[in-house]
Amino acid sequence: MSAPALEVRGLEYTYPDGTQVLRGTDFHIHPGERVALLGPNGAGKTTLVLHLNGILTPDAGDVTVAGLAVQPRTVKEIRRRVGIVFQDPDDQLFMTTVRQDVAFGPANYGVTGEELDRRVLDALTDVGMAGVVDRPPHHLSLGERRRVAVATVLAMNPEILVLDEPSSNMDPASRRELADVLTGLEITLLMITHDLPYALELCPRAMIMNHGRIVADGPTAALLGNRELMSANRLELPLGFDPSLARPERLPAPRGRPFSSK
Amino acid sequence: MSAGHTHALYVHGDSRLHALPAHVKLVALLIVIVAVVATPRERVGVFAAHAAVIIVAAAGAHLSPRFIGGRLLIGAPFLAFAFLLPFVGGGDRVVVGALSLSVGGLWGAWSVLVKGTLALAASVVVTATTPVPALLAGLGRLRVPVVITEIAGFMVRYLEVIAGEMHRAKVAMAARGYQPRWAWQGTALATSAGALFIRSHERGERVYDAMLSRGYQGRLPQPDATAATPADWVRALALPLCAAAAAALAVIR
Amino acid sequence: MHIPDGFINLATSAGAGVTAAGGLGAVLHRVRTTLSERQIPLAGLAAAFIFVVQMLNFPVAAGTSGHLLGGALVAILLGPWVGAIVISVVLLLQALLFADGGVSALGLNVVNMALIGVFVAWLVFRLLTALLPKTGAALVGAAAVASWVSVVAASGGFVLEYAWGGTGNAAVSTVFAAMVGVHALIGIGEGLITASVLTAVLAVRPDLVYGARLLGVRRAVVVRADRRATATFVLAGIAAALLLVVVVAPHASSSPDGLERVASDHGFVGTGQTSAAAGSPLAHYSVGGVPDAGVGTILAGAIGLVLTFAVGALVLHISARRGASRSTDDAVRR
């Protein structure tokens, strides 16, 4: 059994205004796994993500990425290994052209010149956006910006890709394009989402987070099929959607713990 | 004027002006504007020479007169106050129709209109052939402090985003019957501006987090401002220096 | 208040450019150690915010509207140092990209709006808050007065620049009465708008307001609009405007005359050259200076002239911005 790509132990965090958001979050993800993180608004999912690359420091507990503990002195390397794609692409595309945005990450790690150009174009090609390399980000549609945001992170050759609500507000075609991009990548994936069909399609394993803790962890189809579990965590399947009809052969075998609830 | 125009300012092309490095064009622009402003207002012929220089440059950049004219029209309202000068100027007066106008004021109005328009036309030629990121890099090469160009870069990037948020807020208010006509009805607008500040600030914090997440450690990678060859300088400065010479002669004589 | 190219002569513009560069250099040096890397994107967002808010049409009366300059607002929200930098960046991009303010006049505009406007606002704000109790209402009231003074001071800078190198042969006293007088009225709007915007921010995130942090105001403050204070503010502003126009303006020609005289004595103003600066204040030295004979007639004439200029200037100030903001809406809607 290989070392986990991501290991989170006993994470606790309280905001400055006194709200405790994380109350002992525990989980681990193995290399190559694709995991969805589900849960109601306010469960602490985005806060959790900000701990994964050291933007927030926990009050208790720790985070380890591919064997490297997240600490002030390791934070720079951690940020290369954990590629976070935030919810609002406008927050993530802050330079004046796409090329500059995608180059920003690798440039901070000393990549220059032709190697840098190559990384930029490779990353954009991976997401199907090589044609917009010299355009300003606000000339792109939301779906295109989402994909470019993924490229900005891919250009750093991360080990794990973390996506926060990647499909929200996207039209069906853009959603499909992004799904194709994500299935095409050979990478460890953690995806926060409310889009349950998307989670089922892209992630064989899912975790449910509520009240600052992981309350369920197992094969996505099994979690989504458990009606009591779903409603206990303010989750609901879209009308007419039957998870048991989703075809499993498209997905790699799940490697999480067998279905359990805490 | 809005950010929607920021990128409408740049016109794609492959003219020789497009190829010149930004800082060279900025220096050329400065020389032309200084020449125009230095020219005494009465020397109409010299202004015609300046106009010729700008027209030649515009032609070299493959910019149509209609394009330039359109840009000039947009800048026109900011020059409108020039029309007040003939009415309030002192000194000799001349009677035009039913109005008594100050001669000095008329010359002053002419000065603002001709110099303002020529300077704007020259700026348009530069901004139409230089994308904004290159423009900012060019400024950096001309020793404008990095803090200024970095802040300017973020401003340009987020102008449309912030303008869009304000626009949506105004639409939402109008959709609930808000039509302020008097000062005391304007509180809601001011309050929404305050909310916009808070949202802009919070976005700024999220942008910073995103920068940190990609390894930012205090210095934005400087976009490579292309170096200029002596040929570039000659090509860019030939006409502006003619304009400067004409202006100098006009001043001395 | 953005000065276009061709209105102020090159010498004055260049001098202002040097002053602006020096002033900004000093500001940048001052913040070098305190400006954390975090504040660069925040300042950029603030600059975008100021630009957008300057385009808003705030109602004045019967459907006419006015605009916010924002010098005092940035000073109080971000502090005077970052505020001056933010306004300067806005002015730079307005001149280069939006044809608002001449490129040769950038130094003049930076001096007036980024340096004078911001720092005068800050000084007045600090002075008043030092004297008043540390309440939200005092903060907002101080902000209103600081905004008014800042706008008037900035217009004073404009008049000084005109006296030195303006074109158009308008008497300096006329320009003073019109610019400073009109801006004493515009300052009322600026004060009210700044107060409202500040109130909104204090109610939710007082920690974002530099001026509030400095005073130790930490928790959200709800400031109720005080009718009487507002009315007093408006009336005081109108009274100040009248005072400036009727009493101060006629005397405004004295010192700039002195500067003009010195300039021509020392050959800065070329002989035989109809420069923009020659002629006007000197030609009208007598108009401003007559103290007694026919004061009533003179005042009447002056007021009539000034009112014409003032109304015209107000109309143009309003319409120029309205034209600009209409295109903002159109462009954003695209």
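Letters A, B and C name the chains as they come in the text, with residue numbers starting at 1 for each one.
In the analysis below, a residue touches a chain if its C-beta (ideal position, glycine included) is under 8 Å from a C-beta of that chain, and two chains touch if they have at least 3 such contacts.
As the structure is a computational prediction, the values presented were derived from the model and not from experiment.
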Chain pair with the most C-beta contacts: B-C
Label of the chain whose CA centroid is most distant from the centroid of chain A: C
Centre-most chain, if every chain is reduced to its averaged C-alpha atoms: B
Inter-chain centre distance, chain B versus chain C - centres from mean C-alpha coordinates, in Å: 20
For chain A paired with chain B, centre-to-centre distance based on mean C-alpha positions, whole Å: 42
Computed distance of Cα centres, chain C from chain A, in Å: 49
Sites on chain A at which at least two other chains make contact: 94
Per-residue overlap in chain B, given as positions that touch at least 2 other chains: 3, 132, 153-154, 156-158, 160-161, 203, 207, 211, 216, 220
Residues of chain C whose C-beta touches two or more other chains: 41
Footprint of chain C on chain B - complex, ascending: 1-6, 8-9, 29-30, 33-34, 36-38, 40-42, 71, 74-75, 77-82, 84-85, 87-91, 102-105, 107-109, 111-116, 118-120, 123, 127, 132, 135, 145, 147-148, 150-164, 166-167, 180-183, 185-187, 189-198, 200-201, 203-205, 207-208, 211, 216, 218, 220, 251
In the complex with chain A, residue positions of chain B that touch it: 3, 7, 131-133, 136, 153-154, 156-158, 160-161, 203, 206-207, 209-217, 220-221, 223
Residues of chain A defined as touching chain B within the complex: 50, 53, 55, 76, 79-80, 84, 86, 88, 90-92, 94-97, 100, 103-105, 107-109, 136-139, 152-153, 156
Chain C residues within the chain B interface of the complex: 2, 4-7, 9-10, 13, 24, 28, 35, 37-38, 40-49, 51-53, 55-56, 58-63, 77, 85-86, 88-90, 92-94, 96-104, 166-171, 174, 178, 189, 192-193, 196-201, 204-205, 208, 225, 270, 273-276, 279-280, 283-284, 287, 305, 308-309, 312-313, 316, 319-320, 323-324, 327-334
